[in-house]
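Shared chain: chain A. Partners: chain B in the first complex, chain C in the second.
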Partner chain A sequence: MSDDKRFEYESIHDPQTITAYLQSVLEGIVQRRIVLTSDGDEIVLRPGNLLKLAVKAKRKDDTSRLSIKISWKDSPNSESAEE
Partner chain B sequence: MISFESIEDNFKFILLETQGIVQATRDFVDAPSPDSYDGVIGRDDYIDNLKNVIENQCYRRIHTGQAVSEEEVQQIRAIQIIAVNLERIADNCVNIARQVGYLEDPGFIRSYDYAVLFEKVLASLTDIYPTFREHTLSGALAICKIEYELDRLYKETFDIIMPRLRTGQSVQNLITTLFIFRYLERMGDALLNVGEALIFAIIGQRIKVHQFQALQESLDKAGFNGSLSRLNFEPIWGTRSGCRISRVGDVPGGEGRPQEIIFKEGNLAKIRAERESLERWERLFSGLAPRVISYHEERHTASLLEEFLPGYTLDEIAVGTDRGRAERALTELKGTLRRVWSETRRAGPIATDYVGQIEKRLHHVRNVHPHFSRSEQYLGGSKVMSSRELLSRAEAAERKLPAPFSVLTHGDLNANNVVYNEEKGRIHFIDLHRSRHGDYVQDVSVFLISNCRMPLFEAEARTRLHKVIEELLSFAAGLAREWEDGTFGARMATALARSLYTSTRFELNPGFSKEMYLRAHFLLEKVVAHHESEAPWGSFTLPSEVLYY
Partner chain C sequence: MPRIGVVGTKAGWSSERLAATIAERTGERLLIEMQGVSLDLPGGSAWFQGIDLRDLDALIVKKIGARYAPDLLDRLEILRFLHERGLPIFSAPGRILRVLNRLSCTITLQAAGVPMPPLTITEDPAMAQRAVERYGAAVFKPLFTTKARGMRLIEAGPAAAAEIAEYHARHRLMYIQQKIELPGRDLGVVFLGGRYLTTYARRIPQNSWNSTTYFGGRYEAHDPSSETLALAERAQALFGLDFTCVDVAETDEGPVVFEVSAFGGFRGILEAREIDAAAALADHVLAELRR
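Right, the complex of A and B next:
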């Protein structure tokens, strides 16, 4: 089972680099397959036809935050195909 | 309310009882009998009890909320430490008495001179109270010295017993005898603690006896005389490791004015380097660094008396609210740096080792922050370099980035190693043991990060720090242009990464330290990308935002 699989990434970048990373993720959405790897551990996400998109923006004092959340329900087929 | 007198009475009791148990143990070793054995064990229980009573009384006396003078607190702390160590001596007596039971021939031990060790312990125990009462420093030192004596006597016996053991005869007797001497030797360790507690009671500072002796010798060499107990002795916290002394009384050549001195004692190589460096600075820029007053070397340690330079350190000034002072100090610092670097500048490239320094300290960082190292990751097709790979590629970039010239650097130009004397309007450098010819960018980066990493988060304080950072960075960038230093930006990025990454080991605030760690990675990634793009170094732009938090 792929329950509880996690991938975490945190970094500081300039806009160009961040764009490149986001671009890679976007390409994954288009291709319906996003592979995230950390130290050899792989997690594969398969975005379906229905994706929920939540965008939040916040500005407080001297800090701004933009969070983009994309989530979806995996269909049983896509999961077993991966395992 | 517990009175000091009642603590002192119990202190006298425990001293008498400890003398009693040592004497009883000696008598038992001389002529073992069940009665004399019980005499040792029974006394130990009583001493245990007394120690607990004294500890309770000491803590209660200090914590009753009533005004207890600092001096009395010192006396109480000393009594408590001494009581703990007397109880250890009593425990060692019990251990000796138990060992006697393992002697196959109780008379066997008489051919070894245990009596002299007992006598030394007893003599020291007798001296404790008068020393405490009359505050005689020489008495306290004499008690400390017993430890060396007992060590020496133990070693002598050890050297006699070892070859005899090798013959394979009387093994049990020999080993038991050795154990008994070992317990006597351990009493010396406890007496050393007692002596140091007495020094504390007299001069009011916890100081190790070897530091104390080094201080005394350094003062003697410098021509100061008089009793050390008259000195106002104050340890210095933080990076100005060592101790500060302000001497009350005449200092030769000091026109009778009281003078303050920095005393440093410790690692031979470090202190020696500091002395050599101070003398070099004095030759080149008289008065900029502290003058060496005296220097003294032992086998593994050295001690140094140096001039105490009055003023505010630049971190104190940056934190303070006096803007005028901050500006004057910064202007003066820039002038001093320009002068030092201009006058010591040597043409010719010099290699730097910023990435190597990160690698050397990485395990210290990981000890404090186990997660501050990245493994290789992929976000879809985009690869994120692991920290290891990043460092090795940054190292390759650094090899192509020598400093075009070298200057005499401070070597550790933290804001707290720069002193501003407002009265004289001048800057002083302190803690110069890492000073050498090298890249001025290192000094600048260390100074910038020492401001950047100050754990002050109020907007106003941060603005003050940002002002300091901005001004010094633009000063250094200006010099770089003037001196046609085309790799300044990339070297600065690497040097800042080094300071940010390695400084996280001193920072426990999780958010702040993570930010430093991530910014270090960001800088190194920039340098690596630029290097691998084969663009000229002159086109590298330092992302100076990393310095603002």
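Right, the complex of A and C next:
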């Protein structure tokens, strides 16, 4: 069985709710353990010492988009992302 | 011991838990992923990893794919064939079909007079724009979706027409629901075999610092009003599912139903109420088979 695991979530919220989500993700980066759950799906990520950060912002017609991508290589002896 | 297969997704929390629970009771663990099933017609054998599903005593459908899509209807048709040839399936595939399609579920609820948020269903962008103006703000919902993926919020105003046109290019039939103010949470009211089991709430996140991010809200215990309970009971009874979760919001104007779901997850029930829904469903199925 593959170790690949993915989690997706998409919704519409007010800025306060989105701030709350981002703050808890930030807290996970600080603690080096990010747990994302949504209605039965869960993924646990363990950010390492060096993370790659990519930021993209775009405005076209009446639609704006901000994407923040944080990626890293899991070290081979780190615990499995699946719990 | 009966041989019972669980139709679900590998690594899915609820599917794996149900398969493990069945294994404890019957000695056989069989988690069936529908993409691995083939149906031979007209003979009617249905194979999964060398097992003819007709040799089983029952199937429990926990989930039929990781994402909601028209493909899932095709998979249900395979199960419907087995069911019509006499294999007990919980819930019956024909009944799952009626809730899986958002439109079919909505029409059944509305025809029975179940209160839902105001709704417009149209293929006409001009009618969609009128609905948005009337509602002030509306959520455009894809007909097949899970956990709000692909939903679009469109507010009345000068940009609405362009936003509607963009959405309409991808979704010909538009399902447009008035955006209603939620009281900080919405409820999952759960029924087993048509009888009330429990209720949990998904609380919309506050600014709490916590290293777990509960997208879509955190599960909490909640005891619904008798009015909410009666409404949820009436809504689920229209579909006759063995296990179902009715999504309800308690608004100032009384409770409204968003949808009836055939694949409610077990985790919220366990976290909020400490009730093992997998065990309850397994026991329900075993009792039904003994009848």
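As a working rule, the second predicted complex is superposed on the first by the 73 of 83 C-alpha atoms of A that agree within 3 Å, B and C clash if a C-alpha of one lies under 4 Å from a C-alpha of the other, contacts with A are read in each partner's own complex, and residues count from 1 in each chain.
Assume a contact is a pair of C-beta atoms (placed from the backbone, for glycine too) under 8 Å apart; a residue touches a chain by one contact, two chains touch by 3 or more.
Keep in mind it's a predicted model, so treat the numbers as computed, not measured.
Of the two partner chains, chain C is the only one that A:Lys5 touches; chain B does not reach it. In the overlay built on the shared chain, the residue A:Thr19 is in contact with chain C alone; chain B does not reach it.
Look at A:Ser38: by the touch rule set out above, it reaches both chain B and chain C.
Of the two partner chains placed around the shared chain by superposition, chain B and chain C are both touched by A:Glu27. Counting the residues of chain A touched by each of chain B and chain C gives the higher count for C. Chain A uses residues 9-12, 17, 20-21, 23-25, 27-28, 34-40, 61-62 to touch chain B in one structure and chain C in the other. Listing the residues of chain A that touch chain B in their complex gives 7, 9-14, 17, 20-21, 23-25, 27-28, 34-40, 61-62. Those residues of chain B lying in contact with chain A across their complex are 375-382, 384, 386, 459, 514-515, 518-519, 521-522, 525-526, 543, 546. Of all residues in chain C, only 10-14, 139, 147-153, 159, 162-163, 202, 204-216, 265-268 touch chain A in the complex they form. Contacts from chain A toward chain C in the complex involve residues 1, 5, 8-12, 16-17, 19-21, 23-25, 27-28, 31, 33-42, 61-62, 82.
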